[in-house]
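I have placed the structure first, in the form of structure tokens, so that the comments after it can refer back to it.
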Amino acid sequence: MINVGIIGYGYWGPNLVRNLNETKGISVCQVSDLEEKKLQLVRARYPRIDITTESDEIIYNKSIDAVVIATQVSTHYELALKSLNAGKHVLIEKPMADSSKKCEELIKLANNKNLLLMVDHTFAYTSAVRKIKEIITRGELGRILYYDSVRVNLGLFQHDVNVIWDLAVHDLSILEYLFNKQPLSISATGISHIRDQLENVAYITLFFENSLIAHIHVNWMSPVKIRRTLLGGDKKMIVYDDLDPAEKVKIYDKGIHTFENEESIYNMKVGYRMGDMWAPNLDNTEALFRLTNHFRDCIHGKDEPVTNSLSGLRVVRMMEAATISMGNNGKPEKFNTRIL
Amino acid sequence: MINVGIIGYGYWGPNLVRNLNETKGISVCQVSDLEEKKLQLVRARYPRIDITTESDEIIYNKSIDAVVIATQVSTHYELALKSLNAGKHVLIEKPMADSSKKCEELIKLANNKNLLLMVDHTFAYTSAVRKIKEIITRGELGRILYYDSVRVNLGLFQHDVNVIWDLAVHDLSILEYLFNKQPLSISATGISHIRDQLENVAYITLFFENSLIAHIHVNWMSPVKIRRTLLGGDKKMIVYDDLDPAEKVKIYDKGIHTFENEESIYNMKVGYRMGDMWAPNLDNTEALFRLTNHFRDCIHGKDEPVTNSLSGLRVVRMMEAATISMGNNGKPEKFNTRIL
Amino acid sequence: MINVGIIGYGYWGPNLVRNLNETKGISVCQVSDLEEKKLQLVRARYPRIDITTESDEIIYNKSIDAVVIATQVSTHYELALKSLNAGKHVLIEKPMADSSKKCEELIKLANNKNLLLMVDHTFAYTSAVRKIKEIITRGELGRILYYDSVRVNLGLFQHDVNVIWDLAVHDLSILEYLFNKQPLSISATGISHIRDQLENVAYITLFFENSLIAHIHVNWMSPVKIRRTLLGGDKKMIVYDDLDPAEKVKIYDKGIHTFENEESIYNMKVGYRMGDMWAPNLDNTEALFRLTNHFRDCIHGKDEPVTNSLSGLRVVRMMEAATISMGNNGKPEKFNTRIL
Amino acid sequence: MINVGIIGYGYWGPNLVRNLNETKGISVCQVSDLEEKKLQLVRARYPRIDITTESDEIIYNKSIDAVVIATQVSTHYELALKSLNAGKHVLIEKPMADSSKKCEELIKLANNKNLLLMVDHTFAYTSAVRKIKEIITRGELGRILYYDSVRVNLGLFQHDVNVIWDLAVHDLSILEYLFNKQPLSISATGISHIRDQLENVAYITLFFENSLIAHIHVNWMSPVKIRRTLLGGDKKMIVYDDLDPAEKVKIYDKGIHTFENEESIYNMKVGYRMGDMWAPNLDNTEALFRLTNHFRDCIHGKDEPVTNSLSGLRVVRMMEAATISMGNNGKPEKFNTRIL
């Protein structure tokens, strides 16, 4: 049995506690939050779980094996550092930390201490994204040409991070999971529409090898909510609409193929095939439940973490590069591919 | 009665001929095309219209008052130049020419000769875009924050121009029409997925004064066709979906308003209003028919051209700047706002 | 404080308990269910609520003022009868009972005992249906011409009632709420596709005075889930799509008006107006929470029940008539409009 | 070469003329219409086709081999009768005639004269309906359980026929084509909302052998246009949405299968499989062009008519039965299955 403590019971914490609580082999022992009101929610729902306003009580609780951090980004580093130093396995809510330098330090520490350090990039555990990965791995799409994602909503303003750190982090972690490739360079544009606030709309282009291009549009001020990704291959293409309850993933048997024009060697034409569309059935398992089970297996050394600390680092590096480019109105930033 | 000749009966020419033919006060006299097969279509449909493979026969036809040019972009300049020199009024299919320098020359020539020079930016004549302009002009949206357009399709490859010149031209001309403002700078990214071909996917960001940002996503290789524009204001917002037959334009009574947080003067929060949605009924008049009637009125001096030669020039300049930036992976280009 | 006991913690019971538990002035004291497993769920979630497998313990619990019945339809009558005889106010999950005769008995008993007897026709408490009622009441639709509802899903088979009693009950209670009119006659058709089972697909037509016609299509075996109602008036019309998260209720400024044709007095033509569409913003309050607050106010005599026992009776009568007609392949049944 | 004359150039006539004109082996010689204005349209579009206001000029034109009748329903019988008596092959716009008795007479006459008599049930020639037929024929759906169609629009009022004869005729002819089965009985309800006019809304249920049920909802007064058919089988199910430009036909790998419950032999449960969805690519050929080519082949004896005169008769009989039942508020009508 792995004893787990959760720090932070705000927006995402309740989902983590609920899923950890239902995961075999995991026992949720303690939950902390700075707000007493949040802790009362824990008490009402889970009378057997200890509550505290002091995260240190979890970190230095000897009966606890693993700490789950679901607080504001700015506190991730310090809490993870303490937890690792106290000999705990750590799962951090995305993004891993607010700078790549801090991520690097945490990774080194975890390596030295031989502890598990994982990041909760939840989308990598959704049935939809896993199905897409499966299709790509089978080679059905052929050569991948582009990844284009729109992730906009009329949501709450984040005052501590810009829209890239809040929303684009999802797409960047999906890219990490699907392609396992690092970009060559990144160009981003964006703007803040509220005086003295961080950017609320942003557009990021990532250039990869072999003409793979990825683009992410994030916006906190849309009149409608959109979560739609186009994924183009030279054999097939995918539309992934996360808001479509019935058919989230559609595979189109449409690719491109080129052929030479008889009239002229220079006037190449591009022919299109158009074929069937197929929407595979998706498993209903909650993504976070997959993650908490996977977390347990990784602690036991039975599995390798899918969203490990290096992927957490790379996602943060992409956001750093994008934010710099955005400050320069799109001037491209070379991507740092050093391992640590 | 204005006698009109049309050069080019390819993709768009038939629509121009059909609408010109039904416009009171206009008489379509002659149509030219390089392909005999196309001319046979004209003959079958309009037995009374003269046909010719020589555009010069139209340009130097003394009974013709106005020439409409619907050929490949690379030929626009020369045909317009000759027509203006021959004393004809000219309507050019978008984009006006393949370089801003050529546009400037044509404008000067038309001014000197006191002839009408207009560009067929068709979207400015659609009921949907005109309704949006009307709503903006009434101030209903408040301060405009962003224009975001997705215009992708599984279309035919253009081998003579990149996807910006083929598809983004529509959004740039809509921006011209709606805002009458020139961008400060432009950043664009894009790529070609076919060896030795021009870019087939592109992303353009335009920065305007007062934090107005515009973004255009164009792609020839999408699995699905999308034509959707989000237009955000601080009072209301619009979703314009050109493929929705029933409700192309939806106005959301959702804007943003900021307020101070009682806990801290620094932690400004942003509150959202969410209200009704309203989809105005749109007039069924064909956009091109509005244009051909307007063309007649402008020739008679009864109206000022909505899509005049200066707007044609500015759209070409935007495409030039975007193409340069795209070649530099997003490095922003300052926009040339000189009048001529 | 009103002390409440809930009988039945199956599909709907948890929602009732959750909302009653959050309703000011109501104290949930006891929950019963035949299955011990269900009661353990109550215990885990609400450690302070008493649990029991014996409904009689609730019915004869002296500290309890009101009983909420959320069991299978076939048990409603007996449980309500006992509860009323024990002097409790009663709220019954829809449908009120499995025969109109039983409904009549319960109504008489409640009247004699001066106790509240209400039915949980939840849709009457949704923001969407209330907004529609408001629009009708303001006269915006003009004369109501038709109500047409499709309510199909790939759901679980009910082996104790046919699809009319399971799904059409919702539309019949909406009709009751919106129009407060009883039908003149009812014709229904339907079929069972599983040997020895009750009908799984049904079509019901209700004829009202003044040419108002209502039609309900219910089906347990659809490939897709649909919940869509068309409501036609001679001035405006409504589309109510309960599965549309953003725009459930759309009002179309399209009605009909007739006019005489100048050519012939007999050849009447009908002209259509087509106008704007408007989707009002809807309040997010949970319907059941409105109901539980209303239940409390009705017990205190501060309000009259919206979904009272007579509406419960009329809905059951409609289902009885429809089931008889369905057995006769559509032969219309006259509707019994006697009050009791 | 088959010489063809077309009687009627109203709503559908222009489509027939256009397609016949492009059909190899067919020569359109003459078009008649009562309105001179319509004939001027023919002249402008097809200078080589003769025009006349007298249908007799076509019927008794010795150079004409086949007559196509696209006039009001009430005139079909007389025009077809004359044409057959004059030795012409005949294609009649749907519905075949305004009574089954007249259809029977025409069939006998055509048989005696050994002439082709076909009905233009266009939907049987669409790519979507043909694809559905193909899927049914391959047995993919398993046992067919139901056909459910909604065909409503905000269209023009027909003053000469009720909404069944105007709109339901399409679904009845699709049923004919797909299943080749005659109903056992028919129940229909409907109403007229305009004084002294025929019914503008109707609901038809058709009962077939083996528990196959079909339902058709037609309405001229909907706020929105809907053309959607659900087709349920015990193995797979289809959603056919004729207004979806991209994915008209979707096949769901969802059927039903029953199994015995271990707890009780009487409490059968029904389990659902839920699987993938598949939207086949559809051929773009215009349905009417398939029909006109097929008409030519049938005249040459190279093919048997898909929509022959007997299917025309059966569709008319269904409409007659439905109209009688509708007059009796749903009382079912036994269907006449006599061959002639």
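The first chain written gets the first letter, and so on, giving A, B, C and D; residue counts start at 1 in each chain.
The rule is simple: a contact is a pair of C-beta atoms (placed from the backbone, for glycine too) under 8 Å apart; a residue touches a chain by one contact, two chains touch by 3 or more.
Fair warning: this is a prediction, and the values are worked out from it, not measured in the lab.
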| item | value |
| --- | --- |
| Comparison of C-D and B-D by number of C-beta pairs in contact, larger one | C-D |
| Chain located farthest away, centre of chain C as origin (C-alpha) | B |
| Geometric centre distance via CA averages, chain D-chain A, whole Å | 53 |
| Distance from the mean Cα position of chain D to that of chain C, given in whole angstrom | 39 |
| Chain B and chain D, separation of their C-alpha mean positions in angstrom | 43 |
| Residues of chain B engaged with two or more neighbouring chains | 224, 246, 274 |
| Parts of chain B lying in touch with chain C, wherever the complex brings them together | 246-247, 253, 274-281 |
| Residues of chain D touching chain B in the complex | 45, 47, 224-225, 246 |
| Interfacial residue positions of chain D with respect to chain C in the complex | 145-146, 148, 150, 152, 154, 156-157, 159, 185, 187-194, 196-197, 201, 203, 205, 207, 211, 213, 215, 217, 219, 221-224, 230, 232, 234, 237-239, 250, 252, 254, 256, 258, 267-270, 272, 274, 325, 328-332 |
